[in-house]
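First the structure, which I've put down as structure tokens, then a few questions once you've had a look.
We just call them A, B, C and D in the order they show up, numbering each chain from 1.
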Amino acid sequence: MNVRPIRVTVWNEYVCERTYEEVRAVYPEGIHAALAQVIRDQLGANAAVRTATLDQPEHGLPEEVLEATDVLIWWAHAAHDRIADAIADRVQQRVLRGMGLIALHSAPGAKVLQRLLGTTCAVRWREDGERELVWTVNPSPPIAAGLPHPLIIPKQEMYGEFFDIPEPEELVFISSYTGGEVFRSDCCFTRGRGRIFYFSPGHESYPVYYQPEIQRVLANATHWAANGGAVRRTLYMPENSAMGWFEP
Amino acid sequence: MNVRPIRVTVWNEYVCERTYEEVRAVYPEGIHAALAQVIRDQLGANAAVRTATLDQPEHGLPEEVLEATDVLIWWAHAAHDRIADAIADRVQQRVLRGMGLIALHSAPGAKVLQRLLGTTCAVRWREDGERELVWTVNPSPPIAAGLPHPLIIPKQEMYGEFFDIPEPEELVFISSYTGGEVFRSDCCFTRGRGRIFYFSPGHESYPVYYQPEIQRVLANATHWAANGGAVRRTLYMPENSAMGWFEP
Amino acid sequence: MNVRPIRVTVWNEYVCERTYEEVRAVYPEGIHAALAQVIRDQLGANAAVRTATLDQPEHGLPEEVLEATDVLIWWAHAAHDRIADAIADRVQQRVLRGMGLIALHSAPGAKVLQRLLGTTCAVRWREDGERELVWTVNPSPPIAAGLPHPLIIPKQEMYGEFFDIPEPEELVFISSYTGGEVFRSDCCFTRGRGRIFYFSPGHESYPVYYQPEIQRVLANATHWAANGGAVRRTLYMPENSAMGWFEP
Amino acid sequence: MNVRPIRVTVWNEYVCERTYEEVRAVYPEGIHAALAQVIRDQLGANAAVRTATLDQPEHGLPEEVLEATDVLIWWAHAAHDRIADAIADRVQQRVLRGMGLIALHSAPGAKVLQRLLGTTCAVRWREDGERELVWTVNPSPPIAAGLPHPLIIPKQEMYGEFFDIPEPEELVFISSYTGGEVFRSDCCFTRGRGRIFYFSPGHESYPVYYQPEIQRVLANATHWAANGGAVRRTLYMPENSAMGWFEP
């Protein structure tokens, strides 16, 4: 279906890996490097991957990079407030014009996701190294393809309900944790011409992104969010339409 | 809103209570009697409650009873196969004409629910007296009103995903169990003019229906399923409509 | 159900009525005055209604007014850009904390709606005095209660698809127009603790809000958006929760 | 993605074409032959197409045919009552085990669709050769790919709301007609492991299936309903699961 590779940009705030030794021990080159490698390994010639980080000019997301991005993967945790409003607006607009967005883990705190969804995205949370079981409650969509039921993550930060998001268009996974909480651990949304996939597993101190099952979800999600290979698309605009404008 | 009481019929197969002493110990008059008392206590003068059981003529559900029922509460577990097809069809038709249906616990095995939903309604299950935590993932609908988060059920049968139902129109509760499984423990559906509420908590050997929080859910669901007080309503029928039939 | 009246604030930019004689001829006291009268007539003692307009200090929406508002009705058309960002943010936050919002007609251009929904809300449009037929495609929700099928509006501005909004949680009405276009003419959303009802009928030059059927929709929507009578509610916030925090 | 061609069976009651000359004039070999040709033309080597009709033994749908079918296209209009219950049950079960179903035009009267959806599927209708405009209200899914907006059908039977179906999981098209009625002209459902696509355009007396845009919808829908190429799949079954059954 895709005549050219899916152009993926992995964005990472890249803060914790440079601050904490135990994070660096898990992701020595940064989470963005690990995620980029996942997409390269999983999609091979079907993806062209680059990375971008917070401390680059324009956070590594100038117009020309976003224009050349079909799917943006977003990882942030500690520095949500350091994102410039203009860059958050730019990413929102680009999603509305057709770029896919895969928002990972702590993304509920990100301006980008909050602007696209309109809510606080608040979650309940706890860092206690609990086991997370990810159950598939909708096996039909491509995002669920090839996954064990349940998918077991040995150690994870707990994210629990209530999760203050709009009702997702499609709910594929529900997680439970050692402590008994549950979480809608993935959520699919369409906004404008763009598709948004939120996926909660993946923490800076646990090697979650090295699990093959998690890598499969990321690959499935990249295909889904690319939605057939994005040509450059325009923003929807109000349009004054004369009577019978559609007549042949 | 309701000019007259909601007419509630509680239906129970009434088998286990007469077979097993430990069930009788929990529900000495039958689960239907206990459920009827719950609705009477919770809704008071706003409800008129009767009961019906499997071994009555026409399973206690002759036409005139169903016609005079605004909300039917269904409890069955061991004798799904003993329901006559004609009665299952009749209940389905009555729901399509506007009767609410509250399908409890083992109802996924019931012909009535399977006909209305079209799927197997298969569930994963285990009887091990586990604790169930019922989490509210959608606090807005009236069904969620007045409930603790989580609602704790000390001992329950486990019902786990995948639950083979159509995607619910509204998902209010998700449960987790000691064993780690999760379940969409309530599901709201509209079929024809009728509203259907499935709610999994409630087992014949555990005193779940005596918990005040569970009673609150049943009361909320009765109001929701009654949908403003059912007048007698007709089935939707194909309708040949002349051009301009709606002109004043 | 409501122990006290629903506190309704009708907000209007109040521009066209003071600019164009033909608008003033339809709504001599302003659209806000007409809408306020509708709610008073329809809800009687069950509503306490006030109005606010763009040119008042803080656009008539200081904190204390919004705090004392259960349902905000929003009418704007020509002056969306004149709303201060701080006021738009304030309204968004108040909706997330539980205030209902009824967004009428040209509201897709309003910052308030765009922030809550995250999309452009772009529509196709044409001012040609066409007849609009409003068809009920979901008769079950209270919003559809008591309406003719179709509801006929003799003259209206055309709003046509594609309408760039998130998929609505509930779609009750679909409109067609003389020119052949269709429109999802109402859309129900929940955002945070608040409920949002968008309803397209209602133009400054046509006497749409004087139609009894339209007034019925506004009454139904006010009850729905009030959602049981709003107590003052807090914003959802991220919450660090110790293992077992919910144990009795 | 598909390692082998999608196996498509086109089923037609094949009654009107043999009864009425004006129908035969449009579809001289039967609607099934025309539809089969559409799929062959559109999918080429990616589809293996066969046909089946009502008057064949077991209506042309013995177990081995259904087992070897990934997508079943269903056309029926005048002879819904002549389908044997056992065959309707068999088709339902096969859909629940993963076969896609594309239900065309008059399929709301078909036992197969009614069993899978649980409702009457009643529609308003009129045969008056009106123009139908098919508007895309959700441009994101693959089913909408490559279509004009609106898609214009010069002459069609009118199908109007209210359409008594469960709320569709995804609504892509809404039609309007010369007479002013509207219709949710496609509806996507998942039931068990199977996907169901209902599409109203297509009448025995009008050459709708010869329109390239309609053929594109049928091709898109075949890919969607095949859902990745169906391996033989099992029915979901209740499953007693020991504590920790999923432990490695």
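Here is the rule we use: a residue touches a chain if its C-beta (ideal position, glycine included) is under 8 Å from a C-beta of that chain, and two chains touch if they have at least 3 such contacts.
This is a predicted model, so every value here is computed, not measured.
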Note: of the two pairs C-D and A-C, more contacts are counted for A-C
Could you figure out which pair among A-B, B-C or B-D mirrors the A-D interface, over half of its contact pairs being identical by residue number? B-C
Chain centre separation (subunit A, subunit C; CA means) in Å: 32
Could you state the distance in Å from the CA-based centre of subunit C to that of subunit D? 38
Using the touch definition from the top, which residues of subunit B touch two or more other chains? 133, 138-139, 149-150, 160, 162, 167, 180-181, 190, 246
For a test of understanding, state which residues of subunit D touch subunit C in their complex under the given definition. 131, 133, 135-139, 149-150, 160-163, 167, 171, 174-176, 180-182, 184
Hey, which residues of subunit A end up touching subunit D in the complex? 133, 138-140, 142, 145, 149-150, 152, 190, 193, 195, 227-228, 246, 248
Where on subunit D does subunit B make contact in their complex? 92, 96, 108-109, 115-120, 122-126, 128, 158, 160, 162, 164, 166-167, 169, 178-181, 189-192, 235-244, 246
